[in-house]
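You will see two complexes here that share subunit A, one where it goes with subunit B and one where it goes with subunit C.
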Partner chain A sequence: MKKNFSFLYLLPQLFFTWLFLLALFLGLWDSFTVEGHVSIAHYKEIFTRGDTLPSIFYTLRISFLSSLFTLLLAILCSFLILHFSENWDSLKSILQLAIIMPHSLVALFLLFFLSQNGFMARIFYALKLISDQSAFPEFVYDRFGVGVILGYIWKELPFMLFFALPLAYSVDGKLGEAARTMGASPLYSFFFITLPLSIRQYLAAFFIIFSFSFGSFDLPYLLGNTTERALSVLAYQELQRGFMNRPTALSYNGIMLLFSLLLSFFYFRFLPKKKG
Partner chain B sequence: MKKDVRMISRLTAMAMAGVLALSACGGKKAETSTTTAKAEETKAVGESKAEEKAEEKAEESGSEAFDKLVEEAKGQTVNFYGWGGDDHLNQWLDGFYAEYLKKNYDITLNRVPMGIEDILTQLSAEKKVGTAESDIDMIWINGENFKTAKENDYLYGPFTADLPNFKEYINQDDPETKTDFSYPIDGYEAPYGKAQLVLYGDSKVGEFPKNTAELLEFAKAHPGKITYPALPDFTGSAFVRNVIYDIVGVEQFQTVKEDKEAVRELVKPAMEYLKELAPYLWKEGKTYPESAPTMMNMYSDGELIMGMSYSAYIVANGIQDGSFSPDTKTFLFDKGTIGNTNYIAISKNAKHRAAAEVAINAMMAPEVQLNRYKTLKTIPVLDNAKLSKEVQDEFSKVDLGEGVLPQSELLSKRLPEMPAGLVPIIEEIWQEEVAGK
Partner chain C sequence: MLVKKDPAYQLIRMLFLFSIVFPFLVLLLLSFSERYTWPGILPGNYSLRAIRSILFQRKALFFNCLFSIFFSVMVSLCTIMAAYCTAKWQSEHKESSLLSFCIFLPFMIPSSVFAMGAQILFLRLPFKNAYLSVFLSHVLYSLPYATTYLTEGMRNNIKRLEEQGRVFGASGFYLLFKVTIPLLFPYLIPAFMMSFILSMSQYILTVLLGGGKLKTLSLIMVPFIQSGERNLASVYGLLFLLSSFLLFLLMEMLLRGLKRREKVC
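Let's look at the complex of A and B:
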């Protein structure tokens, strides 16, 4: 009796997963068909274009760097939070607020603060720290993608903290506390006890945000450069060229899907196994 | 104490999430209610006139077939799908137009904001599955998308010949009535509004450039203060096509083969020009704003001294709502700027076809075009020569606002669009040759 009921509880989730996989499959199918029969012509087409490979490198760069910095910052923040604050519940609400903020809003805020016509530039100019507003360093619209990386860190850091802190709290509360009563410094107890035991959550979140930022659209579109474009932006612009270019646009999506699958493979293969 | 803090922060988070969600959905309704109030005012003024004319029309719109459509459409709801990014237009549609339809034909307008790619995706999916009835009735469409929709059999037609206002008030010989981006319409879409690319700038800066050579000098005099949206943005694309027209000419593009190398050869001088212009543009041409609204914001902020738009009267609206400085003025190139018409089409399996036809017919009625001209300053699609003297006077009396050009000047400097197939080719060439070089 009990087994049947559990299956029922899972039905809504199964339905949505099925719907999602169906959409994914149909999109992928469209990218592999030309006039009805299977062909990789669309993929050949995009790889002969000069901007696909640079775009892949650019997208990899911004998603990897933003995820890596987020991971390092999250670990640092976790240490500070665990050391200085006891209360998870109020922190949780603040993190939730940060997480529900849409990416486009973050892009807007970054533009407001860091563009050469933005708040910081105007303050620097008013304080005579720079000779002209255009002397303010380029944080957005640049070739490297600094603004995009900052935007991802802004959004993903609360997410990673929200994802990983509960475990860190519980480990710290038991084993970390035990270590400290035996004379370990807070720094030592965090980096040698709490962190290794909860690293799995951090790495899991790392893979999630890496995969997500690789395919994400709003930040690279709003804050990016005209020549260095992310894969998702290329897909969007392909669709803008005309509805009949949809299969080609979907082949860009196919590349993103391939990357996600590769990443999932690494996730399941190499992530440290759960301990007890 | 702890529990209180928890409660309060939870409630705050929920309240904020609720506000965010509601503002996304409720925003449209809020706007509509303020528009209703405004629409009431403007209506009270033109009401008696509109009523008279509507009665006259009802008598004239003679043909039995159309009367039957009006009968059938009574009480129906029509779904109007189209780009929802223009707030002023949305307000006017939900206000004056919706009320006009309700009052004269008992048709309820349901405006559905959706990008044209998504609309075409839905139509394509419906066709694949073999849907008998589509929720999409009216579609705001033009150019390459119209060509795609017509060739793939997503549209119902021909229908424009059944509409009395189309026969009566639209210039049948105008190339923009017969072709859309040089592609034959054959009655599958009806004119909705006219657009023309205009340039605008801060008049305090000095004389505006009248052609591309003067634009180069203008840019050299004000480095870093001019730019255009990156292709394939619609407006940026139109600007580049306009530069091509100014440097290379217009007629060649009606006949050139839609082959990338042939086009590249033809537009070479224009690409050279844009490369020469680049170092004097914003960010030395290393990057361009990704869309026209972003560029417009930069102009409003004072980062740029010049911009461009497909809405001919954007300066008037901008000055009115405070986003543009009062010194902003519109200008054109002497050789002219690109203009096009946008249209409304009907989907092939539209559930409410009768209501769609009646609603489209109503859009071409003089009082509707006049009100749209008054409120949104959209160039009307009606042939001035076909209007009664009274109505002609009404049109010329409309106060267009500050910083804009009169319709006569716009129409005298109007260039036709290139065939739709050339547009993506030119966009690719620009990306390869000019962007970031």
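Let's look at the complex of A and C:
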């Protein structure tokens, strides 16, 4: 008897998922229609613009590099954390503290710290390492996107640690410790035993943050260059130009959506299989 | 060999903690600063001008902040209720990868992509309410996090303890408030906080779907960050963090109060 009504519990999630898919579909549909009939005119238009392809490469570059560095740093940090047996509960609260920081505030700190007029520049000047404001290398508003990459690393590293460490802790506690009692060095037991067994979590987190940083708006908007812009910023600026430009903006979104779906496919391939 | 008490390791640890705490100190410093002329390492003049102007002169903006906190609390409550339903279903039925996909979909699709499509969707609906659209989209983007937390919580034999409660005569809302919620509290609190923070930090969703009517704290903060008015941006940033921190304290006190009552019984 109970089973007949239990599907009601699924209604909220179904409602929201349906809303989500509908919104995505409408956006995609509008990008493919020109005055009623299906055409790819909008996509043709944005690709003939000079800045779309460079923007795609720029966005790919900053999201891939930031996710890759985050992955490498997370693995290194995990080794240090596991080796020194850090307490997970206190670490968890510290990581949560870092995760809850909004992107706009991270942008503010990076501007304060790394801009040519910022804190590091002034320290370098005081230490006589640079002679003038403009001698300090450009970290924000630059063509390569260093500030944006650093901002993503600062935000995503705690997230990846938060996501992947619990499994690494349990694997290390059982199999890693077993290896160490049999004579393996801590370095060996981490890189050849703990890491291969928990790499799925790390890679799943990698795809999440890759996808997230590809479409994220806040950091590239606040810290990015005016000539090299991320796809999301291009879409936003297109939308700001007017109501008639909405399909063009939606075609930018279509590219981002395609990429996110591709990445989510990879994520679900790597999703850790639950035991039993 | 590396040892825990190694000074090199302690230094790394300190640096790590400092890099988390440093932004807060920066915010505090910048909120009081006036002019940050070139060679000086620290700001030259200090004053309470920025703080005063926000608290007393720009009354409308201050009330906007209060409203956005209230809005985010409502979003979090709704998120938790929806996440609880989903978690309950997941705990009672077989693991479904399709459902996992549906739950984690907002994780993978960027909010700007959804926001523009949602604009079209909400314009075509018969009732055009900016608050409702922003509310629903905030809940949507907080749901995956809340569901993850609550599914984890549901794994701890909630069902068995609920059945125990039913055996003793509890049912319906009494069961919910006296058995389920206290058991889930360690998971409800992070879920609530996460949804609250996410909702407060959302920028592009609120900008596009709110249509200018809805002003959250993020919306007020971002133009100041762009324009370079660091002191005002920092004060809003501090307000943001302070409100989250106060809420967190409130939750902790509630949790401790509940634990104390349990011990007494």
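A few comments on the model shown:
Here, the second predicted complex is superposed on the first by the 253 of 276 C-alpha atoms of A that agree within 3 Å, B and C clash if a C-alpha of one lies under 4 Å from a C-alpha of the other, contacts with A are read in each partner's own complex, and residues count from 1 in each chain.
FYI, a residue touches a chain if its C-beta (ideal position, glycine included) is under 8 Å from a C-beta of that chain, and two chains touch if they have at least 3 such contacts.
These numbers come from a predicted model, not from an experiment.
Taken together through their common subunit A, the two structures put subunit B and subunit C in a clash.
Applying the stated contact rule after C-alpha superposition, one finds that A:226 touches subunit B and leaves subunit C untouched. Residue contacts after overlaying the shared chain place A:239 against subunit B and subunit C alike.
When subunit B and subunit C are set side by side, the one touching more residues of subunit A is C.
In the superposition on chain A, A:126 contacts subunit C only, with no contact to subunit B.
Legend: residue contacts after superposition of the two complexes on their common chain; A:52 is shown touching neither subunit B nor subunit C.
By the touch criterion defined above, A:94 lies against subunit B and subunit C together after alignment on the C-alpha atoms of chain A. When the two complexes are superposed via chain A, 24-32 is the only one of 24-32, 60-68, 222-230 or 330-338 in subunit B with C-alpha atoms clashing against subunit C.
Across the superposed pair, subunit B and subunit C both touch subunit A at residues 94, 96-97, 100, 117, 222, 239, 246. Remark: subunit A residues 50-51, 87, 89-90, 93-94, 96-97, 100, 116-117, 134, 141-143, 221-222, 224-227, 237, 239-246 touch subunit B in the complex. Taken together, the subunit C residues at the contact with subunit A in this complex read 2, 4, 9, 12, 17, 19-20, 22-23, 26-27, 30, 36, 38-41, 81-82, 85-86, 88-89, 92-93, 95, 97, 99-114, 116-118, 120-121, 124, 136, 139-140, 143, 147, 190, 193-194, 197, 200-201, 203-204, 208, 218, 221-222, 225-226, 230, 233-234, 237, 240-241, 244.
Chain contact summary for the complex, subunit B toward subunit A: residues 2, 5-6, 9-10, 12-13, 16-17, 20, 116-117, 120-121, 124, 144-145, 148-149, 224, 230, 232, 283, 286-288, 290, 294, 298, 301-303, 424, 427, 431-432, 435-436.
Residues 6-7, 9-14, 16-17, 19-28, 30, 80, 83-85, 94, 96-98, 100-109, 111-113, 117, 119, 122-123, 125-126, 133, 154, 186, 208, 211-212, 214-218, 222, 232, 235-236, 239, 246, 249-250, 253, 256-257, 260-261, 263-264, 267-268, 271, 274 of subunit A touch subunit C in their complex.
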